[in-house]
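The two complexes that follow have chain A in common; it is paired with chain B in the first and with chain C in the second.
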Partner chain A sequence: MSREDQLRKRAKELLANKEVAMVLGYRAGKRPGRATPAFVTRPEDADILIFDDRCGMNLAAYLPRVKHRGRIAVVAKGCDSRSIVTLLKERQVDRSQFFILGVGCEGVKENGRLSDSCTTCAYPNPVICDEMVGEKVAEREPAPDPLADFEKLSSDQRWQVLMDDVSRCIRCYACRQVCPNCYCPTCFVDANSPQWVGKTTAGSDNMMFHLMRAMHMAGRCVECGACSRGCPMGIDLMKFNRKVARVVRERFGAVAGLDPDQPPALAAFDPNDKQEFIR
Partner chain B sequence: MKPRVVSAEALTRLVTGWAKNAAVYAPVKVKDWTEFRRISTLAEADLTRVNTKLSVRGLLFPQCETMFRFEAARPDKPQEADQPEAQVILGVRPCDAAGIAVLDKFFAGQGETDTFYQRRREKTTLVGLACPSPADTCFCSAVGGSPAGTRGLDLLLTDIGGRYLVEPLTDNGESAVKDLPEAAAADFAKKKEIADRAAAAITLRIDTAGLKGLLDSADSHPVWEDLSLACVNCGACTFVCPTCHCFDITDETRKGKGARLRVWDTCQFCLYSQHASGHNPRQTHVSRFRNRTMDKFKYTVDMVGEVSCVGCGRCIRECPAAVDIRETVETLAMRLKE
Partner chain C sequence: MPEAAAADTTAGGAFEPKIVAFLCNWCSYAGADLAGISRIQYPPSIRVIRVPCSGRVDPFYILKALQKGADGVLVSGCHPGDCHYLTGNYVARRRFAVLNDLLEFAGIDPGRVSFSWVSAAEGERFAEVVRDVTEQVRQLGPNKKLLKDTIA
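Showing the complex of A and B:
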């Protein structure tokens, strides 16, 4: 039985046995090459479910929005499962509320190519799950350090590289909306009394948004790349994500989304934290 | 108005001539896509691709536009913003031009005229380019357009192999090409062949009148909840749309000086409909999703007498969740009839 057949069979069983109220997975989009989230509530509809290299969205982003529907079975790749761990740590979802159907992931495609975030993926298999669908996949040889060139630049040059990129931003907030970490009821950019961030697409306002968003990702972002893939303007958001993840790893020895019992890196104090930047 | 023909070389000379008296914009390759950028010679343009990343609307209704400037010390003396310069926009696809015709209705049609839009519009010449092969996201002919449609344009160019058929559509367009040689019957035949082939490539049909009738009483139908589940409520679809025209007004001030700006806004954001009291009549995700679909296929029909989707397919191409407005419309037509 193929992995997809197995996925559909288990989805059907979970729904028919009333173990879950909904299976959150993927189905083929109308446009060839795209997949869209599927919200299956009837066993007979489970045959629309797919899992392949089109399935680049991080389904954990939908969990807080559908949890009121009852117990949810969610299809989770390595990165989705790590985002679920982040949501658990931050008490946004309750582990008993959902059933994780884990899938090994060979990487997702974007415009026919392996998505940039997947080239450095160290966790292609779910870090938590209730049940694996199909076999675990072999870990891939990670690509050479994608930040190497960027980190060699002077701080002025780095600023320019980021500014060139974010100057294209149209402030549609697709990056925020597809991100499982962005569940705040009111985002800082939507606060208007006081208004923290200007509404224009001038470089300074755009940079303010992207830097503040990056800071809020520290110790939480699992580098799934959903924001980069979702950006209509092709902004390299993984550059921000990778840099922030690297700083957290180097300073606090923490990697996001691995252990639900480990406190969030930036929400816990440890006397051994490097703090030479406070003088 | 007499149709004419222009060779690639003659078009190059024509564009260089236009650039002396106006800002000329055309699709220019940027990364994996094209965007409207100012050009000085035709060689900078890439006219081969269907549909720039963002629609042409930003050249008439910029994402961020200064309305006026002010100084705290002189509150009674606001300074007018700079007047826009004359512009020629080359390579506008028929769907985008139809989008401008829709914007004209909102900004310069009934009721108040929007001076900021109108003063740009009056100084704009739209030079269209017929689509020889639509993209897999295109559906202009399903919503009243066509790959060689002329609506909204001053001129329509059709690539008939090494040269272009030039159809003047307005006096403004006519005067821009009056020195070109007239077209022959064979040039027309070639254009018709290209236009017919492009039209045949789009197979989707939408019964827009029937859909409008169904939407008239569909406010509380459960189909909206199902359709909206995948939507993440970002603003990508509205910002890439050629006909979305909502804006917010904001002040930027620094050291006693400032400017009043208008910036694109979108019904997909919660803040868009939030009242000063804190009450928000469009609080839910599903109500915001419904609003956009209703707006395209019902509200604007009520307001200005036509559907405001021109079938450019950008919202399909750019949606991070692969929500497809064609599928939305098909599902609505099916479920609302039940």
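Showing the complex of A and C:
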């Protein structure tokens, strides 16, 4: 039985036995090469579920929004499962609310090519799950440091490269909408009393938005790349994400989304944290 | 804000930086106060904003100050272990570490944003920190990056 058949069979069983109220998975999108989330509530609908290299969205993003529907079974690849761990850490969801159907992931495709975020993926298999569907996949050798070339540039050149990139931002906030970390009832970009972030798409306001988005990802982002793939302007959001993830890893020895019992890195501290930058 | 964007200059024409200083109520603000009542001289470059704790300083405040025309930002709190709220500055330290590295990565000159620990008893040290930071920002010149209106 193929992995997809197994997935459909288990989804059917879970729904028919009333173990879950909904299966959250993927279905084929309207356009070729794209998948879209599927919210399956009837056993007979389970046949629409798919899982392959089209399934790039991070389904953990939907969990805080559908948890009121009852117990949910969710299809989770490595990165989705790490995002679920992040949500558990931050007490946005309760472990008993979910049945995690883990799937190994060979990387997702974007415009026919392996997505950039998947080239550095170190966790293709779920870090937590209730049941694996199909076999675990072999861990791949992550690509060498994708920031190395950028960091060789001078300070002014780095600024210019990032500025050219974020200047294209149209502030649609698609990156926020697809992100499982962005569950705040009022996002800082929407708050208007006081209004923190300028609403214009001027370079300065865009840079403020992107720097603060990166700050909010520190110690929480699992580098799934959903934001980069979701960006209609093709902005390299992963550059910021990778940087903050690396700072957190190197300074605090913490990797996001692995251990539900560890607090988020920026909500904790070690009295011996390095402070060479403080006078 | 054109008037904020214009660089301050002294009568001699030398660049005088505007520095926004976030000082924690319990240590650094009192340290600044001690510097004042002890009549210790330091450059009048800082604009002090008193905050309850360095942990109250959202990285956004720092960026916002730069966006709105500050040439530099100084954040100062209690020494580690001396926080009035016990652990506020430890948590803040992690945030500042990430911000510091992120700004450097983004090409904002290191030195625009400074962090320090100054206790209520360190009036002379406070003056020294302000002197150092002012000189550092003076070397960097007026803040152009991130400033609104100057970049399209």
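Just so it is clear, the second predicted complex is superposed on the first by the 279 of 279 C-alpha atoms of A that agree within 3 Å, B and C clash if a C-alpha of one lies under 4 Å from a C-alpha of the other, contacts with A are read in each partner's own complex, and residues count from 1 in each chain.
Convention: a contact is a pair of C-beta atoms (placed from the backbone, for glycine too) under 8 Å apart; a residue touches a chain by one contact, two chains touch by 3 or more.
This one's a predicted model, so the numbers in the text were calculated from it and none came from an experiment.
S.K.: Please work out whether A:266 is in contact with chain B alone, chain C alone, both, or neither, and reply first, second, both or neither.
M.R.: So A:266 only meets chain C here.
S.K.: Applying the touch criterion given at the start, work out whether A:75 contacts chain B, chain C, both or neither, answering first, second, both or neither.
M.R.: neither
S.K.: Under the stated touch criterion, which partner chain does A:244 make contact with: chain B (first), chain C (second), both, or neither?
M.R.: After superposition on chain A, A:244 lies in contact with chain C alone.
S.K.: Examine A:85 and indicate which partner it touches, taking first as chain B and second as chain C; both and neither are also allowed.
M.R.: In the superposition, A:85 touches no partner, neither chain B nor chain C.
S.K.: Have a look at where A:20 lands relative to chain B and chain C in the superposition and call it first, second, both or neither.
M.R.: Touch status of A:20: no partner.
S.K.: For A:202, decide between first (touching chain B), second (touching chain C), both and neither.
M.R.: Both chain B and chain C are touched by A:202.
S.K.: Once the structures are superposed on A, label A:151 by its partner contacts, choosing first (chain B), second (chain C), both or neither.
M.R.: After superposing on A, A:151 lies in contact with chain C but is clear of chain B.
S.K.: Can you list the residues of chain A that meet both chain B and chain C?
M.R.: 198, 202
S.K.: Which residues of chain A touch chain C in their complex?
M.R.: 151, 154-160, 162-163, 167, 188, 196, 198, 202-205, 207-208, 211-212, 214-215, 218-219, 240, 243-244, 247-248, 251-252, 265-271, 273-275, 277-279
S.K.: Quick one: which bits of chain B touch chain A in the complex? Just the residue numbers, please.
M.R.: Residue positions touching the partner: 31-33, 53-54, 63-64, 136-137, 226, 229-230, 232-236, 238-240, 248, 250, 252, 261, 263-264, 266, 269-271, 285, 316-318, 320-324, 326-327.
S.K.: Applying the document's contact rule, which stretches of chain A touch chain B when the two form their complex?
M.R.: 29-32, 34-37, 39, 57, 61-62, 65-66, 111, 170-174, 176-178, 186, 190, 192, 195, 198-202, 226, 229-234
S.K.: Note which residues of chain C are touching chain A in the complex, please.
M.R.: 59-60, 63-64, 67, 80-81, 87, 90-91, 93-109, 114-117, 129, 132, 145-152
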